[in-house]
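Before any comments, here is the structure.
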């Protein structure tokens, strides 16, 4: 049984800028943190290419994972002794919180698009496969890894614990909003975390919020909204991501067409052939990727070399707003690019906010995620946006934004092609 | 002339968690930040291996360099119009502040020990050589790069500007103390930066502090003292650094003895042959290093492979206090390690705090760095520790600390070698 | 001319928890702060009875006034050299900012209701009358006091300066939101002040906001909304204010009906006869009021004595929600109170949020205050709520809230009057 | 028994800017906070006249007392289950923490000097006498008030609990350092409270600190040192206190010599006759004092009127450094003042830092207060300054500072007495 797994003789603490201290008393958690699969998260940034916009945003998924664990631990302290809370599930909740992102690879979001990888599937493999994480989890019980994987995969019957880690107001989001605000230095993103965890109450199948805490939750929703527009969705960050994606595309395409790399892609090859097993996946981290981008600046393929130089030296694409319905303009632009010698597949890129893994609160639109429920003084539950004007206001909106990214520097340098330049600039307006 | 270099049409700002905003109004500074040599600092951590102790300490030399620039900019605002301050030197001070660390390579401190590289020499080469940085600086005037290099190299006649960037209370240290405290999350390291820059006064050959600001400076000295012992000198960080150094040693040694690497060291080779030119140096960053550490876990050389696994998976060495005079014990231990099959050159490592690039304030002991002077109400100058009890107290101490690092896990696993284990454990006491 | 008024030899600073330092370089400002009329603001709390709900909220109008001055000073630094800004009006803006609240008396809001005093009229008298403030202002020019009074009274032709100090996003509100959040300790109320003052632009008749700063302004609007509901409108604070108002009512009524006070109201008498001249007004501060409340606990009039004991010992009234249309229930309750021996004029009090001097942003509803305008990249102006979903969402709401306050302790003690108690409790439901 | 006193049905929280939330779960604590003797602390400032130097320092002893309670509560959470801690004493520690300052009167420090009152004696009377506090305490047990009084009076046998509330590193000092830093806005005064309370360990007769927490304690000691010199001992604050003391002196002297007050001192009379009983003492608060100062500006006695005007309008005395051994100069100055018509008993005042209720850490010099002990890994105890260089450095110093306060404005106005002015200015040098 989970509870029998022993306690550390002395509590261990991690100094954390967001939560001040992260406290570990369970040997299970301590050992999970020490596994190599978990340590690997130190080499994967929480915010991908955002550090090219906000230079402080270098923080890793390792620190975020510790934060999610810590928030979950504190929520459980509030839950202990309350109805609907079965304290024998404590370690399950803590382990799932800690490991919820363990399957993430380098620049996950872009990789998944280009290579059809799936970090959730790898999370499952790490937890159930031949890994140090699995060995540690099995010390609790033979079926414990499966239980943890089911929480993270949202297939568990324990909807309450799922909602602690993965819902509209879960430990995951609360940590990343605060953490991303701290490291980017923006003044949005703050809300009263302590207040929220104190008004959380366990129910059969979800965590609900005591109505007296509604204003703290409003603040959280607003933070999320502001972070979405100001940080996650920042057009410069997306420009870097567009380039990163195009590098991966180009390298894959070159690989598949037999191009001879000066710097052979070694550990990246299984990506290009799309037969990445767990061992190969775990070998990848952002240092490996950046090593190749660094080296590929010297490749003979001009597109690959140019895109890598752009990424490494932060010579990003500019952008204009784009209306997807305006097909003709886009087609014309592609044509003009081609004529000017720029491959539009790499140099004229549409990017939409709906591609993002972040969003703001839109109850009813997010299939799998339950909306936030307030528990009224009489015990009944009400969906948050029914009670809160502010939340209703921002949750009703569906704003998808499209941008067209292109290398403005190239076009400005078209001194020998004045006509092409004129035409492109005209179309970009 | 420097002042003629034009201003940006609109001020640019960087969001910075430490200084809130970093303001750029000079085209020179904006273009320097955009050079690839400066952008490269994004891929070099400010605190080397400290992130393995304090998980938040992922911040780069890029953000620190911007911070040093910003503090210098604010000091200059105070200096403008004051005696001894020649405002035509403004851009010189700003450029030197921004570029003071531009020559740093990955894990500089360890690299310099193992490969005899010298980041100050590379700073000079970057500023004077065939680089984007040099091109931008030359727009001010032909001799401007030389002037900037002389400030950074401390060979300039302009002792005042040197002291702004490199003295006991300079923009460099003030930024890194605040920044390192912010990202590690420790509660030391805070002092009233705004107060200090407001009481700074230019003199012929140095910046002095108005006596009314003494207490703010005391606080700064105390922060530095606490950061030294709590962060910079943390024994776990040093353990990681010991391992990193030994990896480099091993790889160099293997290379020189003709070992065939599964992952050939490519861009690292010039390090091993100690003929690193500027281009080769600029190619190196922490991603490149970590890529090799990641790959070399699979090398056949057991020592290299083991040390790389330790570094990547944070299986660090333990330590005991060590008295250097106790030669015999050390010799005996080396012998015992050899007998047990552990090469003491790699697995029994002495590390001393005097190896660190950080220190606390010890006036009179630091050859090149002037002590801090207070300007008394009558205009006379007094060395800080003469006026401040607190500063005198901590500055009088010379505490060098020595530790012996070794792989406790290996020794505990000596099941077949009980005698060796006993003997080593005995000696380690 | 204003600009000729000289500068201080050395800048003076006040340590301020909200703005870190408040900087004074103008002799005019320094001397105004030293006047006794301005020093008097130290003895008037910024938030009236709020300290009985949030114990940290003891801060004075003195510190708020310095804060409004400081924000205005920083806005002017941004305005200098920009079109529409006439720097010869600098001192006018600063003096008006500093003095905008100088006419406030103790617990102004309640006093104005009970005694028909008008703090704006007293501001004018202090600035134009025989006061130290007037003497200092006249050093600038004979008509300078009048100009300052016209800004504060919003009758000046200089709409731009009026809007700096008194509009929907003025120095006044920005300071009090941040300051009230700091001293109460609530986590709402924070926004990026520095960002806002940097995107403010002077126009002919108002300050506008560069469109790029919209999100910072949204954050400010949200802070204001949250502070309104969480702090300014807190029902416990209003309970204290209801009691305070009733004390003043009772004392006035007793005075007018010839009651002999054990502690004669001395400096309060002109309030009761409503012939308060400037000298008498300036004598009043919160210590004087609290002295009487302290002493009047011992009065023979039971109502006065009881209400004073309630206020001093924080035995406040409880409340129920109240629908004003429900006349009958209210009339019945009054009747029941009378029968139970409780004078409903003092013990059954309706309080409405529309009585508050605070509000949230409702463009178009506030006669005198211009809505916030964004300056679009093409130079045109747009009202904020047209551009911002969040602002539109919360600004459309008109929520007036009514509560009925009564002494629950008395009613619970009706042991000899079980019927009355039952009936009242029934009606209160 | 203490533990049987029941718990509140629902935890109550106070929003506190220093500790974020103050949590009350025990009915005893909740009822004590509601007593009128405790509510009275809202009307007594924590820092006396400091608000005239640092305008934010308006915070009350009420908020400080809640803070001391909260820190004690958190220390007890760490102590629970540890050796030497008897959890049946929990309520005793909490009640003593909450009530440790309950006997303070307005501007206690000055009052005690002038009127020989003793706030510790009044604390005892409030706890044991006919008060609401006593009634609430007696609900625990008949002897509980006595026990609480003995802790506060340091006469209890329970040295451990005494040391939690009254020692060199107690809940009292830790709260006031953090709180005073917060409200003044100074950047000193911060230390890692959470770290300290986590390394506190109960011993037979005192709280000790685990050696691993030494650096956090060093930081606390440094904060205390800086707060002593920068805040508590600020010469402007002391100037205001000198004037306050002289007002009290003058009023007492006038009262005793039969002067007819325009504003009869009513509730102050028992002070002047030094027969202040508990009821009369409890009636006094800072509003009452300030009311009289406000009114006495209009008294016919010139000295009383002048001093009151100085205090209310912040026209403070200036000061020069003073060497007590220099009797002759002081005697000459007194003579010169008399000749110039200024009574030196009121206008030439020596003030020494040793008069202050604050100090910095000086082990061995403070009779009743135990020095701080570190618990070494082997269980032995060491006095802090033996282990810490920094602490040794600042604790060895005994710096008493003497200043001579006088009304510089009067002397500068001696236009008709040029000789006297010259002579006094000469002597003041």
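Brief remarks follow.
By letter and in written order, the chains are A, B, C and D; residue numbering begins at 1 in each of them.
Heads up, the rule we're going with is that a contact is a pair of C-beta atoms (placed from the backbone, for glycine too) under 8 Å apart; a residue touches a chain by one contact, two chains touch by 3 or more.
The UniProt protein names, listed by chain, are A, B, C, D = HD domain-containing protein.
No experiment lies behind these values; they were computed from the predicted model shown.
Farthest from chain B in terms of Cα centroid separation is C. The greater number of contacting C-beta pairs, out of the two interfaces B-C and A-C, is seen for A-C.
Computed centre separation for the pair chain B/chain C is 52 angstrom, with centres defined by C-alpha atoms. With centres defined as mean CA coordinates, chain C is found 45 Å away from chain A. Touching of two or more other chains is recorded for residues 20, 186, 195 of chain A.
Against chain D, the residues of chain A that register as touching in their complex are 20-21, 194-195. Note for the complex: chain D touches chain C at residues 14-18, 20, 34, 36, 39-40, 42-43, 51-52, 54-56, 58-60, 62-63, 66, 182-186, 263, 266-267, 283, 285-291, 294-295, 312-314.
By the touch criterion given at the top, residues 186-188, 190-192, 195, 215-216, 218-219, 222, 225-226, 229-230, 389-390, 392-394, 397 of chain A touch chain C in their complex.
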